[in-house]
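Presented sequentially are two complexes of chain A, the first with chain B as partner and the second with chain C.
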Partner chain A sequence: MHLRFRLILPLAAAMTVIMAYPLVFSAWISFHDYRLTRLQDVRFRGVENYAFILSDAPFGRALVNTMTFVAGAVSIELVLGLGLALLLQRLVRFQNFARAVLLAPMFITPIAVGLMFRFLLNSELGVIPYYLATIGVEIAWFDERLALFSLMLIDAWQWTPFMLLMFLAGLEALPKDPFEAARVDGASAWITFWNLTLPLLRPVILVALIIRALDAFKVFEYVWAITRGGPGDATETILFHIYKTGFRFFRLGEAAAMAYVLIGILMFLVIVLYTAMRRR
Partner chain B sequence: MRTQKWLATALFAGAASAMVSGSSLAGSLNIIIEEVPDYDVVRVLTEKFAAENPGIEVTFDAMPFDAMRDKILTSALASSATYNVIIVDNPWMEEFAKAGFLTPLDDFIAADSGYDFEDFVGPLRDIGVVEGSTYGVPYYNYALGLIVRQDIFDEQGIAVPTTLDDYVDVVKKLTNDDFYGAAMQPQKGYKVMEEWKNWLYATGGELFNADGDITINSPEAVKALEMYIDAFNTSAPEGSVNWGFDEALRAVASGRAATMLSYNWMLPALNAKGGMSGDLAGKFTLNEVPGGKAVLGSWSWSIPANVDDKDEAWKYISWITSKAVAKDRVIAGGAPVRTSIISDPEVWEKGFGEDYYKTLLGILEDAAPLSSGTSAEELIDIVGTELSAAVSGQKSVQQALDDAAKGVERAR
Partner chain C sequence: MSGVQLKNLRKSFGLTEVLKGINLTVESREFTVLLGPSGCGKSTTLRMLAGLEPVSEGEIWIGDRNVTDLEPRDRNIAMVFQNYALYPNMTIAQNMGFGLKAKKMPRAEISARVNEAAAMLNIADLLARRPKELSGGQQQRVAIGRAIVREPNLFLFDEPLSNLDTKLRVEMRTELLRLHRSLDATTIYVTHDQEEAMTMANRIVVMNGGQIEQIGTPSEIYFKPNSRMVAGFIGSPAMNFVDGRVGVDGLETSIGPVAHPTKLASGDAVILGFRPDDLYFPDELTAYQAAMSVDFTAEFVELLGARGIVTLRAAGAEFKGVFEERFLHRFAEGATVALALSRDRLHLFSATSGERVGG
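Up next, the complex of A and B:
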């Protein structure tokens, strides 16, 4: 065997064990009635698991919830992140300090953020509803209409800093010449932003969007810590649904099939965004 | 030289096998247990067991509820158990027993003279019985009762309601601007299911009929859910659609609500001087739930099927559930499961008084488990999700219950 193949062998072996085997095994599981409490009676089901989940209302609802969550949370983060980055770029003094403070939420474990907001926003115990009530505002943050939106806000609180970081780096790397030329031509701040900053920043925005969207699809901790998918199924997200099916009800066959559907959707999303990024 | 080498190998092999077999080593008991006040009592009592049995080392692996199901499952699927003694929540009993995870205890019970298994309250005992074999021995109960602010009922000359119709009328009557008749728990999943099922019993409904057919969308169930939603909309605190145990308890303890359906052993905590309810301590009473038949929850002690030394595991279970230790446990604040203990005047005196224990026995004797069958855990989630959807107005009552029936049918 050629040396270069031999050199790659350890990595190939490690990847097979760590990645390929679980993937193939979970694909196999997804075609079976595989329950952890009935391992002596695993039955082949063909595409039945897939057919079922695609027609299953709770799965559909979880999918819609997750997409709404991703779209909402990532949009908020994009707008806020870009706004803050533009402001921070102009900050002359205390820039490093402001940056450090603004980045802090990103370094907290999501489950802790979930628990924190569960109590901050709790209608009985929460500090936020308490002070809102003193100015006459009463908001039920986790009722059936607002719960998903509240989760988006929490996600935005934690992950806007990530967008900020990306955009700040992007802004600082932009060429200076076009901006100077625009200023000489007397372009207004808005026109400069719209016609120069945004188009030049496009690759960075798309990369940030892909990373954040993929990450937001995996939302689990806030749901687990705060709503457990409720009220009703208003905040049941896809990963929470998969977790419940697989590890609370032990129906690994269906859970694996759901995971594969999720992978399919994510692949599609990545391809669409990636194509958008390469089109200039 | 050769002998030395042989000896070294033997020692190494011995050490290695000891390491592999880990906690199932003879002389050590590893117990998985939920981290709740009842565990604190058990832990302290167990020191006595350790003193009486110096050959057995007992270690507890205490954890929150959410972590237990996965851990028990992985231990059960391993070739040798991580835990020699486990506690099993009632919805898991049939599922685990039929999966072959648990050891039948009938022979141990029969051989244990003076154990008096019949002394455990009937409905609690039955939870551990699957297809005629006993797989679990009751640890503690969490049956539901109606906890009321007796002072308010006395003041207004209202009797504590015993039927559901009366209950709904009374909680409506007690509600005014910032005081509510009932602190309810419509939180999705377990909580709403646990509360609403008492209402279902009160209207004469059940999840399944005697033939095992699903009756979750029966007229009785529709009536129970309609009444539940009516009471929630008229008499429960605003914005409480996601409330669970903690929020409801807080509302009652802080004097914002007059009644709640909750675990019977919350009464002593509410009435404790200097406790959570401040000046209201002593003003609460425990009553049977409206309609009389209550939802029963319980934990049971079990021995996993893949435990090597089952005698040792039984020795501990037998000891901790024996009459003598059970009495100490209840006096120390544990939730009782034996009839003789609940009826013991010494327990009344040292515990929470005769009234409490008499009401408790009444509750326990007419109680039925929250859920049953091999998919009981999933059933609670399915029905509990639909109930929550109906209470929050996302679905009509009939639609929600029809969907619940459909989901349960599939999960079976």
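Up next, the complex of A and C:
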């Protein structure tokens, strides 16, 4: 065998074991009636698992929940991140301090963040509802109407710093001259932002959106740690639904099929956003 | 149009003082060039005029308004940057109209003004394109157009031609002059290129080390430089200098005695300067005109075309001379050539202060 093939062999082998095998195996599962409770009786079902998903109302609900969550959380993160980045860009002296402080949430494992907010926002024990109550505001953070929104806020708490860092780096990399020209041209800060900053920052914004949207699509830990999909199915997201189907109800065939549908949706999303980015 | 006044303008970055008190009056409609080596503070002065750099001390007046603490947009000025500073995301028309859009001018009027300026600058066919599709020269025209449409009180140019190649630079120079004549606008133009300064300016302000070294017309600057620095900075090849001392009836220099009257006291150290163009063959000058005659040894000849630069040597020092092509055969390598200096073409500077003390 040629040396160069021998050199990539270990990596290729590792990739096969770690990635290709599970992918192929789960694809195989998705076409079978594969239940953990009936492993001696695995039967081929063709595309029936996929057909089942189409008629599975909870799956549709989970998809809507997830998309709502992604749109909401990522929008909040975008607006907050961009606003903070613009602010920090001017506060040069605070930049390093602020970077360090704002980075902290990103270092915490999401499951811990979930548990933390479960207590912080708990309507009987939580410190946040307690202080809100002292100023007369009573909010049930995890009731049916608000639970998904609360999860968005938690996601924003953890991931806005990521957006902030991306945008701060993007802003620093923009050419200085056009902004000076705009000042001399008499443009107000508002006009400059809409006509210059935002269009020039567009590629960075799109990359940040793609990364965050893909990540938010996979939201699981907050749901698992706080609401377990409830109340009712108000916060049941796709990944949580797949987890339930596969590991609570042991129906791995359907769960694998759902996972493949999710991959399809994500790929579609990536292509759309990527095309938007490539356009000019 | 309005004039400009800088009153004791100072600028420090931290502990470093980069402008040490600039006093300058620019008349209305004048084309003034700030000229100086890198780091002399000319660009900083311009940026302070534009309002991009806060003033540490002193005042800036445009017309009869004190604009020292005003934002750039309240000064009604236009600036052309060295690297054009176009808005990369906008079309050429949008680039040129942006300042007017910021002023909330009606769209029809914006496009009328943009079209007029574009026609004037021969870029009318580029209006729908974006900056990166344009060549450097075209981009600079757009930048100038963007300044023109604003109809400002004052035009500021920050080394606008230095990113262009030589041929284009000469063309744009002429064009800028034509533009200045037709717009009749007060213009302050920063450059380190003395040729640009000499050809374009009504008045040149030579700056050095954060101070104004001399203010004058191009010919004053060239023929009566105020200081050794100005004398050495203006002119190409640079002026020749010789160390000397005031003697009893003239100067004693390392290349010989010079018959040159001076008010200075005997014994004062001076520097004698003469331009490479001011070396004459002895038969070209009358006895009165000739201040001295020196035997030079020729080393190199660099032919420029109609003229050539000759490298000469005398008393161990190197000198440059410029001669017409038909005389260049006299400067064969190693040849000894007697050359005279003209009395009215000498420049005398104090060796201690560098100030002009005669000539």
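By definition in this document, the second predicted complex is superposed on the first by the 273 of 280 C-alpha atoms of A that agree within 3 Å, B and C clash if a C-alpha of one lies under 4 Å from a C-alpha of the other, contacts with A are read in each partner's own complex, and residues count from 1 in each chain.
To be clear about the criterion, contacts are C-beta pairs under 8 Å (C-beta built on N, C-alpha and C of every residue); 3 or more make two chains touch, one makes a residue touch a chain.
This structure is a prediction, so every number in the text was calculated from the model and none was measured.
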Put chain B and chain C onto chain A via the superposition and say whether they clash or fit. fit
Which superposed partner A:Ser123 touches (first chain B, second chain C, both, neither): first
Just chain B (first), just chain C (second), both, or neither: which does A:Ala182 touch? second
Does chain B (first) or chain C (second) touch A:Ala13, or do both, or does neither? neither
Applying the touch criterion given at the start, work out whether A:Leu87 contacts chain B, chain C, both or neither, answering first, second, both or neither. neither
Between chain C and chain B, which one touches more residues of chain A when both complexes sit on the common chain A? B
Which of the two partners, first being chain B and second being chain C, lies in contact with A:Ile191: first, second, both, or neither? second
Overlay on chain A, chain C to chain B nearest C-alpha distance, Å: 49
Contact residues on chain A for chain C in the complex? 175, 177-178, 180-188, 191, 195-196, 199-200
What residues on chain A touch chain B, complex-wise? 36-40, 57-58, 122-125, 138, 140, 142-144, 147, 227-234, 236, 244, 247-250
Partner chain A, residues of chain B touching it in the complex: 69-70, 73, 77, 95-96, 98-101, 186-189, 238-242, 247, 250-251, 374-375, 377-378, 381, 385-386, 388-389, 391-395, 403, 407, 411
Chain C contacts chain A in the complex at 50-52, 71-73, 77-79, 81, 83-90, 98-99, 101-103, 146, 150
